[in-house]
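Given below, in the form of structure tokens, are the structures.
Both complexes below contain subunit A, partnered by subunit B and then by subunit C.
Let's turn to the complex of A and B:
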């Protein structure tokens, strides 16, 4: 596929499997397969979303769901869809994408597939800080600001204990595991200090839930996810170099620690906000990127596919939690833990591949 | 030497440390332009550390690395990468990439997010494939290549980087003899196109045969430098490796060949004699 390149005034054939978009001296390569697979994933997400909106105590056909979304149909349906289920769905999509992209970035930084925010304790630490602000230990920050602080603290600790720049694989993960369990215990401890009703109310959130999340936080989460994914996509061009050794990254004119820092900051922000909204549903960060890799077969960093896959996993898990044992609702964090646990084992026992990531 | 005065790369009293351990202290060296320089020396002599210092992987605790009369650490990383390429010893690549895709990464210093592809990139990649004699292997997966082919693919990546300087850290360390020669011949070919090449080489005979200039290092210091003929002298080899030997000229290339190599102090024919056992004991207790 060739495109007219205005700088050299000649046709430049793009590398195999790519489209070249060249305008006014700028040129961007687009991976054909990635675009194709991401389009398919998006369609799947859309279908699952419509399905999810239609399922529940009030069961609705996809057609009625679409009518309600367009502001038509009877007012009861409109209320259920637009006021109740849509917010929950959006919260699921945004947090799922955020967790998954953060996971993909952390895996790349640590050069280890297990090094997702959930495993290395970022989720739990963010949760502990957020719980502290909710149960009121004299801290008056918003839960998301506190969660962000917690996420950053845990990451900094894991890097410090795990040895510098996070290339020491398992040491980093073990440090993170320890931070994660301490944080989870702190959350529980904080909950024992408050009235049982407050604790009960906060409980689903501390294991990860999309039920009754504050409405005003959802657009904020959407914006954060959008910014995180977009900056990830722009920097992806550099981030993909992290699959090489530090010497090669340096030789190609980049500073390894700067690349890692940028990736970790994006991951922390995404995880912090997502935890504040949905609780520590960290296993999405493990399942999402893995699904993306298997499906998109992307050679670089499958960031966009990870975002979509993460959203799919989150929405499906929430749907399962809502409907399987209806009217009893199972928090989404419990569902992902039940599915994610075996998945984690599968990653471990599967025939190891030669590469580190 | 006239080449040295216009050296594109050199060091000014650099000190390189691993944690608190000083590997190289106050070392000054320059590398002749357009030549192949081989750094040789025993294990742990600091030759790889020096190369890592030259390529910015290891930052010196004092002194300067001079690239085209500028301190390398004051230059933007990308600018340096347009002048200096490195082939490190351990190489890992992204999963499932082809030879051509690997070589494309060599274009990174010339690209950015909004300038990902142009005619110069395509030309450079085609040139690199041709230079490394990999034209038929461009679409092959890197994992499926032989050791020698893979090493040539990595060198092709640095060729695509279009730098006047190329550093190689033991480019043939894991290769058999045939593949070693394959790689060294590629290095010579690149040199004949005008590249300045600095490589760390373990094998003295190969270093002598394929380099124009030899630098012999021991305990972080340069103990001899010059043409292979000047450096490969029995006295220097004894100091470097603690060996004694005789030298012959290779009848076809004229480069020195080491024969009758033995540990210093051991007798000439020392395969099983008591003297050799004694020498072993002496070494063990020394």
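Let's turn to the complex of A and C:
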């Protein structure tokens, strides 16, 4: 299936495995394998979501879950699914996708796949600022705005101290590690200064949790994730140029710094809002893109698959936290740390095959 | 002070050790005095002074004897232990960023302590041995992970591995704590790191370990200095690098584990103190370690004094303050023109 604009262009066959879509002088190549893999991943995400909706103190068959989602079935089931579990699931999907896409973008910018927002301290800084807003005012005065400020501050600091992301990727990472640990210390400090009840209430959130998140924030998060992922996808073809050296990017007619800036801004916005909602679940940003790369195996930047994989990881981790140790609920941040810690170690120990990315 | 100017114009490795040592010790003594005099509570400096020379009110005497004195002593010992542990670890890893706190040693100790609490130990009778075993495991794990890849000398990889291990262990610890509210309550005050409210018994309980570690350190100092010239040189001089490395790790685990058991995880001290010592007297491990002895307590005691002043009338956790001091030093080391390798 190829759509050609035959009036303005001569016939150029699409490379094998691609569709060439050309409209009004603009054309894109669509990787068939990417479409296929992303469709598979989406189906997997859907299946896991339905499963996750069905599991819990009240166990439900997938069929009942689907019925309840369509507004049928008995009112009890409908209440449990639509009022209690759906919000949590959506929060998981949105934040997972946001973290993962942000991770993928930061990895691309730093040309180093260890440079995810969680590791370079963006999460912790966003958390510290959000905690400050919660603790300082007593009511949650726009934690998301504060988290965004925190994320931006941390990134700016990491770039400043690390001397740019360029060839000294590692320096950038260590600067980020330091910023992260200071921010974590500040969060702790803030929590010790408030009443113990407030601190206890904020605690699960500071390690990352999807439980009892404010309902009205979830559609906002959805919108932000959608905008972030879409703008990432639109710019995807340019972002993947960042794998080349700056001179190549310039020769191809783009401004390297502008590309970096765009990618970092998208990453900051996604991370900031996700942290404000779910806390610093940063290791999703490491695991998601890695899974996407292993599974999607198509050329270029696996942004869409990263988003889906991130959502899958988040939903699975939350499911594990809810059900494995019930009646105790383990915050999702703890589960991802248990999975992500060894994963990070494995990345560090494993012999690098070709490039660092 | 032409003498001092002349002194600091010399290259660090040319400065006489005795002068450096005396200088820092004088500053340390001042800090100890201040630590006894300054507090977050109602007893002010002059009252404390009266109590110190034996003419104070009963309340002031009590506060000084029972609260500030043990606290200062604990800070002194913990500072020495963490400083030396940092210097040893950096020498054996040949990596200026290797720090017990960053490498998962503290997280390992915390995890072990959480298990002990869960199994019924109370924080008061807490066996330091448990923390040391945890520290040892954490330590060996990171070093093994770093060696596997032959990345022993890659400074950043090592601390990333440490960060990964720390986050894993911290997560496991928090799961353990969710099972047990009592353990969670006991550990919450311990986990931010503090030297306040530690009785002298706690200190006495871990003293034997410090003595063993000190003897071990004395034994490995010379071989370690020769290992700085390269493993082959060390072999040629009749030392077995592998044995030395294990002994050093054991000593680090004893020091950092015991320190963590008393004072909780205090990050970055093992990074800042040897860094300052090297800046003062140069890279020789023996000179560095001798300087770490007064600089370690100096850092902890002065940070401890600050925690009492900053957030009056309450106190700020010590671990938070050392992180705020230490992180910029970490950045400074990394921002240096080239990552110095401790060859």
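In the analysis below, the second predicted complex is superposed on the first by the 337 of 357 C-alpha atoms of A that agree within 3 Å, B and C clash if a C-alpha of one lies under 4 Å from a C-alpha of the other, contacts with A are read in each partner's own complex, and residues count from 1 in each chain.
Following the convention adopted for this analysis, a residue touches a chain if its C-beta (ideal position, glycine included) is under 8 Å from a C-beta of that chain, and two chains touch if they have at least 3 such contacts.
Bear in mind that the values here come from a model prediction, so they are computed numbers and not experimental data.
When both complexes are superposed on subunit A, subunit B and subunit C end up sitting side by side without clashing. When the two complexes are overlaid on their common chain A, residue A:252 makes contact with subunit B while staying clear of subunit C. Shared-chain residue A:76: touches no atom of subunit B or subunit C. Of the two partner chains placed by superposition, only subunit B is touched by A:240; subunit C is not.
Applying the stated contact rule after C-alpha superposition, one finds that A:300 touches subunit B and leaves subunit C untouched. Look at A:20: by the touch rule set out above, it reaches subunit B but stays clear of subunit C. When both complexes are overlaid on chain A, the residue A:39 reaches neither subunit B nor subunit C.
In the superposition on chain A, contact of A:186 is made with subunit C only, not with subunit B.
Across the overlaid pair of complexes, the angle with its corner at the CA centre of subunit A and arms to subunit B and subunit C is 90°, in steps of 10. Distance between subunit B and subunit C in the overlay is 14 Å (nearest C-alpha pair, rounded to whole angstrom). The part of subunit C that touches subunit A in the complex is made up of residues 97, 145, 148-149, 151, 156-157, 159-161, 163-165, 167-172, 174-175, 178-179, 192, 267-268, 311, 314, 316-317, 319-320, 323-324, 327-328, 330-331, 334-335.
Those residues of subunit A lying in contact with subunit C across their complex are 114, 119, 161, 163, 170-171, 173-175, 177-179, 181-182, 184-186, 188-189, 192-193, 207, 283, 325, 328, 330-331, 333-335, 337-338, 340-342, 344-345, 348-351. Residues of subunit A touching subunit B in their complex: 5, 7-8, 10, 12-16, 18, 20, 22, 25-29, 234-235, 237-238, 240-241, 243-248, 250-255, 299-300, 353-357.
For subunit B in complex with subunit A, the touching residues are 52, 55-57, 77-82, 84-86, 88, 90-97, 100-101, 104-106, 108-109, 112-120, 122, 139, 143, 158, 161.
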